[in-house]
Amino acid sequence: MTNSQSLHALLPVLIVGITGILVMIAEPCMSWWWQDRRAPSRWLSSSLSLIGIGLAACYAVAQINAYARNIYAFNGALVIDHFSLSVSLVLLTSAALAVLLAMNYLEEHKLNLGEYYALILFSTVGGMLMAMANDLIVLFVALETLSLALYVMAGFLRTSARSEEAALKYFLLGAFAAGFFLYGTALIYGGSAQAAGMGGTTSLSEIAFRLQHGEPTFLLMAGMALVLIGLGFKAALVPFHMWTPDVYEGAPTSASAYMACTAKVAAFAALLRFLWVMAPAHAFWIGAVEIIAVLSMFVGNLLAITQENVKRMLAYSSIAHAGYLTTALAAITSTSAQGAAFSAALFYLLAYTLMTMGAFGVLVYLSRRGHDCQTLTDLRGIVQREPIAAYLLAIFMLSLGGIPPTMGFVGKWLLFVATLQAGLPGLAIALALASLIAAYYYLRVIWAACFQEPLEAAPASSEPLPTWATASICISAVFTLLLGIVPVFVNTLMTAGRSMFR
Amino acid sequence: MVPTSYYLVLSALLFIIGTAGVLVRRNPIQIFMCVELMLNAANIAFVALGRHFGQINGQMYAIFSLAVAAAEVSVGLGIIVAIFRLRETINIDEVNLLKQ
Amino acid sequence: MTTQAGLLQKWYNLFIFPEYWHGIHLPSLVPYLGLVGILAFALGMLPFLIWIERVVVALMQDRIGPNRVGPRGLMQPAADVIKLFFKEDIRPRDVDRFLYFLAPFLSMTIAISAGAVLPWGSIAFRDAAGRVFLVPITAGNINVALLYALAMSSLSVYGLVLAGWSSNNKYSLLGGLRASAQVISYELAMGVALLCVVLLAGSLNLGQIVEAQNQLPFGWHLPALFKGSLFSWFWLQSLVVPVVIYTIAMVAETNRPPFDLPEAESELVAGYHTEYSAMKFATFFAAEYINMLLISGLNATIFWGGWLPPFNCVPFTLIPGFVWFGIKIMMGIYLYVWLRASLPRLRYDALMQLGWKRMLPIGLIWLFLLGGYSLLRTPKTGTALPAPTPSIVPTPPTPRHSIQFMPISARQGGGK
Amino acid sequence: MQPISGLLSALIFLPVLESIIIMLLPRPGTEQKEGQLGPGGFDFARDLLVNSALLFTTINLLLAIVLFGAYHPNPLALPVRGLGPVMQFRERLNWIPLGGGHWVEYHLGVDGISILLILLTNLVILVSAVYASQAKRGAREMVALLLLLEGGLIGAYSALDLVLFYLFYEATLIPTYLIVGQYGGPERGKAAIKFFLYTFLGSVLMLVAIAAIYHYTGTFDILALSNPNSAAFAALHRLSPHLLMLLFGAFALAFAIKTPLFPFHTWLPDAYVEAPAVGSVALVLLKTGVYGFVRICLLIFSAQINQLAPFFIVLGIIGIVYGAIVASIQNDAKRLVAYSSVSHMGFVVVGIFSLTRIGLMGALLANLSHGLTTPLLFLGLGMLEERCGTRLFRDLGGLRKVMPTLATLLLIGTFSSMAVPFFSGFVGEFPVLLGSWISSQTATVGNFWPTAVAGTGMIFSAVYILWWYQRLMLGPLPETYRKLPDLGRYEWPVLVPLAALIFWLGIGTHYWVRPMSLPVEQTIPASSEAVRDDLPVATLLNQQWIEETYQAHREHGTIRLAPTGIPTHFPPGVHPPSSMMPPGGRIPAGLSPNPQRRSVPQGLPFSNSRFSRPMVSPPKTPRATTPAVPSGGNAK
Amino acid sequence: MDSYIPVFVMIVIGALIAFVMVFGSALLGPKKPGAVKASPYECGMTPVGSARERFPIKFYLVAMIFIVFDVETIFLYPWAVNYRHLPYALKAFNYIEMVIFVAILFAGYLYILGKGALDWGEEEAVAEALKRDPIVLAPRPAIRFGNENSGPVDLEKIPVGPRVPVYGASAQELCQPLEQTTVRLLPTGEER
């Protein structure tokens, strides 16, 4: 694999990254050349971003079709296989939807800065690299690329103390997690030398090879635990979830939507690859992962029940969704269920992205004139004012609750089957029971939005429709339903899941 | 020659101190410094292990993590400054608009 | 037992049993020669330097200057030191006591230790096999000498910031802040200028950098006269721009006029050392001058050929290398004084603009122009260029392998 | 008649499409003139809505009628018992891959039981959509949701894959939930959520059970699982009785909540009462609970059914009596009807668990009757409430004088509800009592007590429903109601078809019984002790037989255990059971190890001896030369 | 490590010299402390408020930007050291890679420039930015020196030693008129 071939294989990431740079400097350059910063920047930045994302997505699709085998780029630091390309596509989807949402949100909040789009693109680059990383150090750098952009996005509402507070909390805990991750990597580097004279390595495929042919060392396992903690923070799994509600509540809604999806998708892509590598030593960690899964599901769901703030509720629900996804992590230990677990996790990640983007997107849609629509009270009776938004919200809530015929159901069902195939019936039953609890609070949102009377008389809605946010929500909704009824991607994802074992 | 295990013990101690500091401290800057301590503990471990194995990788990784830490510093200080300008305090206990 | 540590032990023997002089490993002693020499030069030149500055400034301003204490006022610095030693050491209210004392201490320590890597000459040794080793005379003949120098020049700002912060004085604080912002701003430009040199020399060892200048300019075929001459030094090889950048950055790094904003007396009383008195003030003062000496020394080493004579012919080669080195340093010092006497102080925004918007991008672009130039001059065939200066070894071989070392003249047959 | 391919899919997805179209129509205005019913003035949007609702639902009903007409009541002209139901109009596609060659299938098919429910659904949705399109608030949305509900219900009635069934089962929840929650009474939100959560609790457990069944058998195919000869059935019934009982319990809980059966009925009064009239109708239409009992529980868990039938019968009887008594003491007209539903559904459950042909047939008829009668009552009450603004008995009375037509139509509903002969209620409830009588002769409940106690329910129903009618329609008319109008232009067509059908079901019962008789025959578990004596093909399905079958599969080495120990191959002597044959005789790859066996006709077991010994004796010579006759699974 | 030992020796010698210089006059000089002598020197005015005050954001900004560029320099050094010794093909590749690296950095640099992070002409920049975007670039709080809200000098904080003649007024004399104000303002426990 020469360098130019590696670069070629990495082209989707490069396209997104270069677009990010262009978007970043476009605005200052405009202020120099045309002495006008405000007017065209929104169009320039967002359309540039969308073009970049679209190009990258096209290229990724082309690669999926073109590459019959895994590409190990840059001396095996990155692996471009169907799995990473599929995750990249999910990430690009969420980025595109987030760009659409941001176009309206930022304008409503008088915050029309091109950096936001650049940050979206940079964090997407980080996420895509996380999915492709075949080396723990690359994973670390990618993780930080993702996180740093997200920290800034969380604090993007500079005049809001809540936004800044969210950014601070996210940043401190994220940096803490990064410390764990890096130290774990160091320990793995030391622990991967199973015998004297064998050098240390951080390459995941090398570690996998060594684990298949030798005993795991203590240092390796300790490092694995620390890396797990680090990634668990990013994925908001339960003992490491404290930041999630505060951050999602405080951050600008469009940023909450984006970070809820991207961070989780990327973290789970990394977790899947990492734990698959560690699967030969699963006796050490399977118990912990199971406990984390069950705790995440139940703690997330139970805490979500009492929330009045929808963003906060969605945050807790995202913890629960992380718990559902963790069952797939537990399931990859069984050789017979690996393929099913990977494809289930991939499908669920796509589902999660679409429905969370949609749910937050409806909040963005309803946030007009700088007022954030956040609480159940804000949502009361919006069906009379904004029937489309209310019904779309209902679709997303039902999908989040895993109720057919939506994508959420199919995803949950696939996870469920994978868990059973892996011989973990306890987890499967916990999954079912947790989604039962979840139904309650999702229904509360529908109740507030569709069933309750609004507090004040519905004002005549003469404002122009937030076009782009509407487009974003509608895309999410259509796919949530369509893929819930005809899950055509599953087969592709199965191939993607299997690509890991080639 | 100092045995590698000494370095590892040192790095573990630093890491534990950093972790404890993050959990105990109330000033974000102090917390942040503790996080840097954790990262540097990892760097020490990397360099020591790289030397132990006779590989250049360890030192290379340390430089990577330095770069990342620098980026983190920039972002972190920016956030802390922003919150101080809004709230006139950066004490974690007083920064509690978002209910726990 | 390592060589140097063994030497430390042997010193004890040297004093008691002179017969041990016989088997001493002389190359290992060279660093201590370098240490003593640079220390003596720095501390010895310090009072003289103050005198020079006063006299030169006075001349430029058409006045007399110091003329009372000693011949031509030469003893004036000594008198100042004695006076300062016997002044009251005031400790202002509410200072952070530890940091308040630490600041001057740190400034001085760092200023002196920065000199550890400056080579001020070279000695050639020949081993039993007849190979010649050129050893630079410096305390720290280390691989990362340039990084060390850079690190020390960055660390020096700690003294100023801590002084400003601990003094409990608003002027001091602002002075310290200005100093830190200024130093870090110019450090980038300085670093980029140094990078140009590193790119040309291919080494961070200052001895090797000097030796890399000891060749025919641009590889042209010229008479031996020009080998290592004025024209092959890096000021010209790097095509002048980095020298200019470095020289400006050097003045700014030492907070000297016209970049003396941290201690601008018209705005900030005395900046970061407003609250310091007696010898603590003198410590800052001395540290600044030592910094000037050493940064000029670095300038001389990396751009102006270090200990090399300007031409490789008789009248110049007769003069020892350290004299040439001293002359180059003093020219730097003269430049400092000249600038102080000639230029008004910069406004702060102009200062930052110069550093960030002019010198940094120009330096970076220049670095890549040099890289491209170097690439163009590389032959397209062949595996690799030879090591830059094979005659210089960073650390001489240990006595275990070669005991018979004979000191020979530095410039006779040394190197290729 | 040839099956029309795609007809079922059209029936399912056409309403969904129509619902989207309806949602895209302009929203009708809400202005209304003083003292006027229905829309005021010219409202193009409302006319458009009414007409399109009528048009769409009529198209759907016509399709359902085509389905009914094309349906063959007994394609093989044989009483095929013990092999599970025979399905027609089958559609089978792979849908969600599960790895290892396993799929969640899009597998549809109907028998008589389903078809009548589909017809009922289409008809009632038609009338209620017409009614809903007149609503002052949310007319457009209600019609759209009703159409969605229609699609979901038809899907649930025709799904032959457990996951597909679950999916449609859940999908029906959403429109109902939205209708109840948005357009009901003051406590509608709470009631809707209560309804949703109760049902969802049950269905989640059902999902667990479905997954477990897949885990143990490797298939979701309802037909395979209902066929005692299939490997899937054998694999399932090899499990420990405790586990099977748990699985059955999960299904039964889901269906009991949905039906609703006595202790799980508490969501019902709230939801029925708080819902708008259309919502109540929608809730009544949710017959998926009963259907699930019949389609899934009876055959898949035949042994458990046999064990637990008395228990369910007791619960059903309690429901009958309890519902009737509670209904008698209500002061709210709608709540009374709601509780009467508990009572009626109690009859249905008793009929199903009598495990006799007559009882099951009665239960299904009672189910249909309830699906016609209660909508009539609810819609009529809705019209009443619209006029009077109240449902409380103390404010009402004597309305017969101002609205004679409504009174007459409601009287038909009343009679049907109290099971007067020639009305639909009677033809449902009387066979149920008969069936319970037969079954109590063999079961442990005891001689005549079940029948006797259930019979009191009929007496109670006469008490409460007549009293209900009296308090509404008879007696003095309050002055305020003196000017109330009778049925309007759009209200006639709502109530009259229902009333007519009640008569038709009560009088022309044989039209309804004929398509169901064979399915009922096939749906009674072969192990049902109650029908063993009076049916020639009765057989005893016991644990020993299951063990032997399973071992035979193992010995022939054709059982594939990956990934979860699923037997999908059949020993040479055992043919793929009819219910597993896809339409067109195509055997899915991997199902039959021997391609020659494809044309082997299905030997139909219609002798006792066939069932009394294990079905593993392999014929030495393959009867490949025998001309192929259509296998039982599809009506060619 | 051998060649580092003289460097450490040099550092130790430097520290010794510094120690002697810092503490020399503390040993030799006279000691006559006084309250006014000990107060911070602010051009002769009575110092008010704390010296630990907020200072312009620009300093932070410069520090942050510096970190980024400094790290970039870290990556340039190994490249520069090895560049000269590489064969042509590798050299060309390294050159292009580093050009890309620095180009990305330059993009960031352009961004910083465009956003005005390196402009120190405060007033014009703020006025201009306010014209453009009144909300995002809200006026920064003024640079304060702490004397706006500070109350009277707290007498307890001034250590008053033995009455020695010092320059000008004594500490007590300086604070005399302020003392009454202080007593009036404080809701002390004696009043209750």
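Read from first to last, the chains carry the letters A, B, C, D and E; within each, the first residue is number 1.
Throughout what follows, a contact is a pair of C-beta atoms (placed from the backbone, for glycine too) under 8 Å apart; a residue touches a chain by one contact, two chains touch by 3 or more.
From a predicted model like this one, the values you see are computed outputs, not experimental measurements.
Hopping across touching chains, the smallest step count from subunit B to subunit D is 2.
The remaining chains, with subunit E left out and nothing else moved, group by touch as A, B, D | C.
Centrality by Cα centroid goes to chain A.
When C-beta pairs in contact are tallied for every pair of chains, the largest tally goes to C-E.
Subunit A and subunit C have Cα centroids lying 53 Å from one another. Our note on geometry: subunit A versus subunit E, Cα centroid distance of 41 Å, whole angstroms. In whole angstrom, the spacing between the mean C-alpha positions of subunit C and subunit D is 94. Distance between subunit D and subunit E, defined via averaged C-alpha coordinates, is recorded as 80 Å. Looking at subunit A, one finds that residues 158-159 touch two or more other chains. Shared interface positions of subunit D, defined as residues touching 2 or more other chains, are absent.
Under the touch rule stated earlier, the contacting chain pairs are A-B, A-D, A-E, B-E, C-E.
By the touch criterion given at the top, residues 93, 104, 107-108, 110-111, 113-115, 132-133, 135-136, 138 of subunit E touch subunit A in their complex.
In the complex of the two chains, the subunit B residues touching subunit E come out as 63, 66-67, 70-71, 73-74, 77-78, 81, 85. By the touch criterion stated above, subunit A contacts subunit D in their complex at residues 336-337, 339-340, 343, 383, 387, 394, 398, 403-405, 409-410, 413-414, 416-417, 420-421, 425, 428-429, 432-433, 435-436, 439-440, 443-444, 446-447, 450-452, 486-487, 490-491, 494.
Contact residues of subunit A toward subunit B in the complex are 137, 140-141, 144, 148, 151-152, 155, 158-162, 164-169, 171-172, 175-176, 178-180, 182-183, 185-187, 189-190, 193, 199-202, 245-246, 249-250. Listed in rising order, the residues of subunit C touching subunit E in the complex are 2-5, 8, 31-32, 34-35, 39, 43, 84-94, 101, 104-113, 115-117, 139-142, 147-148, 167-174, 177, 180-181, 184-185, 187-188, 191-192, 195, 198-204, 269, 274-275, 278-280, 282-283, 286, 348-349, 352-353, 356-357, 360-361, 364, 367-368, 371-372, 374-375, 378-385, 387-388, 394-395.
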